[in-house]
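Just so it is clear, A, B, C and D label the chains in written order, and each chain counts residues from 1 on its own.
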Amino acid sequence: MKICLIGAGRIGAVHAIAIAGEATTTLHSVVDLHPEAAEQLAKKYNAIALNLDQAFNNNEIDAFIIASSTATHADLIERCARAGKPVFCEKPIDLSLDRALSCAKVVKESGIVCMIGFNRRFDPHMVSLKNKVDANLIGSVQSLIINSHDPEPPSMEYIASSGGLFYDMMIHDFDMACWILKDTPSNIYVAATATNDDIASYGDVDTASVILTMKNGAIATIINGRQAAFGYDQRIEVFGQKGMLQVQNALEDNVVLSNANGINQAKAKYFFLERYEKAYHNELVHFMKSVQTGAKPSVDISDGVLALKIAEAAKQSFESGNPVNL
Amino acid sequence: MKICLIGAGRIGAVHAIAIAGEATTTLHSVVDLHPEAAEQLAKKYNAIALNLDQAFNNNEIDAFIIASSTATHADLIERCARAGKPVFCEKPIDLSLDRALSCAKVVKESGIVCMIGFNRRFDPHMVSLKNKVDANLIGSVQSLIINSHDPEPPSMEYIASSGGLFYDMMIHDFDMACWILKDTPSNIYVAATATNDDIASYGDVDTASVILTMKNGAIATIINGRQAAFGYDQRIEVFGQKGMLQVQNALEDNVVLSNANGINQAKAKYFFLERYEKAYHNELVHFMKSVQTGAKPSVDISDGVLALKIAEAAKQSFESGNPVNL
Amino acid sequence: MKICLIGAGRIGAVHAIAIAGEATTTLHSVVDLHPEAAEQLAKKYNAIALNLDQAFNNNEIDAFIIASSTATHADLIERCARAGKPVFCEKPIDLSLDRALSCAKVVKESGIVCMIGFNRRFDPHMVSLKNKVDANLIGSVQSLIINSHDPEPPSMEYIASSGGLFYDMMIHDFDMACWILKDTPSNIYVAATATNDDIASYGDVDTASVILTMKNGAIATIINGRQAAFGYDQRIEVFGQKGMLQVQNALEDNVVLSNANGINQAKAKYFFLERYEKAYHNELVHFMKSVQTGAKPSVDISDGVLALKIAEAAKQSFESGNPVNL
Amino acid sequence: MKICLIGAGRIGAVHAIAIAGEATTTLHSVVDLHPEAAEQLAKKYNAIALNLDQAFNNNEIDAFIIASSTATHADLIERCARAGKPVFCEKPIDLSLDRALSCAKVVKESGIVCMIGFNRRFDPHMVSLKNKVDANLIGSVQSLIINSHDPEPPSMEYIASSGGLFYDMMIHDFDMACWILKDTPSNIYVAATATNDDIASYGDVDTASVILTMKNGAIATIINGRQAAFGYDQRIEVFGQKGMLQVQNALEDNVVLSNANGINQAKAKYFFLERYEKAYHNELVHFMKSVQTGAKPSVDISDGVLALKIAEAAKQSFESGNPVNL
């Protein structure tokens, strides 16, 4: 399967590794606004650099992976739809819910395979937790808590165009909550602040606590922050009538140092590349299988639309100070 | 120091153990609505059973501990105030904020030592965390999360008169949040449900997620539940600019069984008596020292009033579905 | 029950606390070579200071606890035997196996209750592990590993008279191995060194690794050291056909600090007083019950003799460099 | 770099994955006594099946990886030496120390790169521990404990030809002890039994406890077993003057289930393939780099000889019941 990767940035490089590491996929070509970036990444994997038109006119390409900036996602997905090419696109579909909805309509009409990059659904630890919830090991679920902190704030350039914490970061947690609870929220309430002045200057926040009341009555609480001194904090806790399930942080190694200062373990794995290394690989394998078999991927554009809808409500709640119905 | 214990129930028995275990205090007498209950507990510690009038007329008694039902607290505190006797009273002062305020006024005018039973402040683990926060080990605090689940729901008799989850259970967490953050909330939002039909029939809830926005900007999230299959869940997490501090659950023992089912540890200690055994003892020692030295106890009636004020706002938020300003 | 405590040193003080803390026992008197030490400890618990003759002539005393230096143990036990008084004596009975055997004979003929202070058998964590082994949770036991490190070396004064690491420290582990495995060793091999020059100057060691081959074929490995930077290291691991059981170290508190240096927990509890606080209490309660009911204590003078026999063989193996049959 | 793999069994397949996963290596060909096995593995990675003569006559091959049965190792290494081809060979070199020594001589004279497969030296957790020991984080090392249990016994066919537990399994731990302590043993003592009757019938053991006294005085204790109900048990503990370093088991996932039975985590990763996945990859990368740069690999044939020498002494100690000098 020959894949064209659009976007040669940080996340594009992650996908390139996964594509190269998998026996049945080949990185065919790389497209980027900056041709040198495309060249450089392409060279590393014996691929070629193309511009967008060249890529969509190239009959050798079996599928597209979109890892370019958010503003380009919806247009590129639609272009794949029109070209009848399977597409995997990073979240979010767009910062505008309306635009995402119109894009989803085009996708639906085209019938193409369109998968959205909620990588955490493919993390072996998250999958193990999800399977145990589904196997009823903790009975009916009453509440869910997600703790997600990045190790350090992104660049201000990123902040400027990311859409803000709810669209860029918490959108993963919205998806996780709906996925694990097999439900959608009826209501959302947000409390958030910016402890970092630079982030505040963009109208964004870096610390947030959010409550989702789900339609079936379960309560999901999401805690997000842009900076954790001890690494990438990615914990989840599901509380049910018969017990509790948790995914704990993955540490850098299993070494314990006991000395006069106490009992010391390594930090949490640094960031998404390290923490979700297997998830990125498994996600790609899932996409490939969907393309090969034509089966609907387990996470598709409707999941992307749902998460975006919740992000929009989150922003409204933050701005109004009141809960928002969904 | 001769102590009269009012209330021979579950929590009264805990205090009796602490009084008897401490070298400088003696359980002088026990008062209870049910004289047989008072007799029985008194006999165990070579104390005498009295009725209320006998107790307040007995000059031998140096201090009172009130562990009777909530409805009696404010009256008994005031009686101690009028008698000029130091008093330790279990939380809450009353279910009515107005009544608590008038009681606090009487206490203040009397000048007696009046300590409210927020036992967790005296737990060695919580104290260690608090000291580390105060020593600036995690820098400025951005958020706080408290997970508190009882091992099983109380009797319906208890539910009927407890004032509900916010007044009876979460009031401890309101106090902890203010104590650890050295701050008071400006705003509270509550999402809560009753998963247990019996509890629902009393208009009470058993599952709640609450966000407190503190005046200095920190966000405190409190998760409460009436039933944890794995024991008494008492975790706390403070997140700051330079790191995170957590109190983990105390387990029944340190034994690990590794077998074909995995790696298995004991449950969390069953309930407050087991988990806060040392806290009850340390709390009593603190009260005794306050009585002996005349120093203001570290947790007094104003802390009881504050926690009650937040509980009242919590109930309003739950009933209205909207955040409530404090 | 009125108890006379012989020995007002470090371990004597521990027993005094346990005696005072238990409702049905009273510290009647304290005997020590240094009358001021006896006075001081006695005063603290409203007891009296006596000399040995006064103590053995005092009819009020119901039982003796011997916590004096090792050289006095056998004589004092025999004096209790002749006086028909129940006695609890710290390990070891004596540094000479012959002396211990003659003492055991006197005890047996007298019929008194005589318990030896292997406190670890009464530690709730060790008891939980032992119960699980006995309940066959790990099937037939194949091997046992004990890690025991003191937090810091004792004084050279102590080293000079302790009999050395095998008699003073590892004797606990010999007892634990026989108790948990319900077996005795047929063979012992010792490798040991002194990393501390002062300890070496007394002909003693501070680091030892010992293999006991038990009669039923199980292999017990004991690792001892006189200095652990992280506190009192008291771990045990039993390996069986169906799984493994471990007692982990008890830490000073349950607080976790996660920061740029990693994930940090408290040190292990400092030393035997902190780690075995409950064991000392439970041990005393067991002795009291034996005295009151006349039942043989679960650990008696024969266990003391057995552990001493193994210690003697350990010393022989260390000196010869060869395994020694038992 | 084109690699020929000799041996298409369990461990051969592991190397094939590593070769295929690495960008700069290609699996050129597979050799096996059973041509179908060679065919099958070769096909999976677009390689060809060859017989031995074809392989050694093929000029395209840059290096050999030997993963065939132990009896063939020394001959094949010498054939590589004569052909001037770099070779990576699984441990042990041979079951006879004499044969290994003569083989090492041939290798030395040829000057080829010859690396022995002590995979654990390339495990990131072991490397992290080793680096911390070398960085003096625990001061001078006093003792080392290695716990190594396979999840289940090998087939009796394997037992018949493996050379026994000391040559086949514990040889890894002999290498680890020398590597971590930068030292060699002066003395070894072995206690071992066969709890499994089938294993006993081959004169082999399945449970062993071994003490190595190292030349610099440190004591290394190795515990081995052929069956751990909870997965592949691979723990190591280094104890020094200033603290302790441990590698803990790697679990199947980070999920914790807390329920009425307690707090439950996943089993240890099943076996060497899962536990040492990264080690196999890193080992291959190290070999490749040695081949490319001509630098001596960090673990070479002399390490294989040393470990074999200790295994031989271990067998002698087991048979005689006495310690053996080295």
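Everything below uses one rule, namely that a contact is a pair of C-beta atoms (placed from the backbone, for glycine too) under 8 Å apart; a residue touches a chain by one contact, two chains touch by 3 or more.
Fair warning: this is a prediction, and the values are worked out from it, not measured in the lab.
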Touching both chain A and chain D, which chains are there? B, C
Which chain has its C-alpha centroid at the greatest distance from the C-alpha centroid of chain D? B
Consider the two chain pairs B-D and B-C; indicate the one with the greater count of contacting C-beta pairs. B-C
How far is the middle of chain B from the middle of chain D, if each middle is the mean of its Cα atoms, in Å? 57
Quick one: chain B and chain C, Cα centre-to-centre, how many Å? 40
Contacts with two or more other chains occur in chain D at residues 138, 228-230, 242-244, 258-260, 266
Spell out the residues on chain D that touch chain B in their complex, using ranges where they run on. 228-230, 251, 258-268
Once bound in the complex, which stretches of chain D touch chain A? 20-21, 23, 124-125, 128-129, 132, 137-138, 242-250, 252-260, 266
Inside the complex, what are the residues of chain D that reach chain C? 138, 140, 142-143, 145, 147, 149, 187, 189, 191-193, 195, 207-209, 211, 213, 217, 219, 221, 223, 225, 227-230, 233, 239, 241-244, 321-323
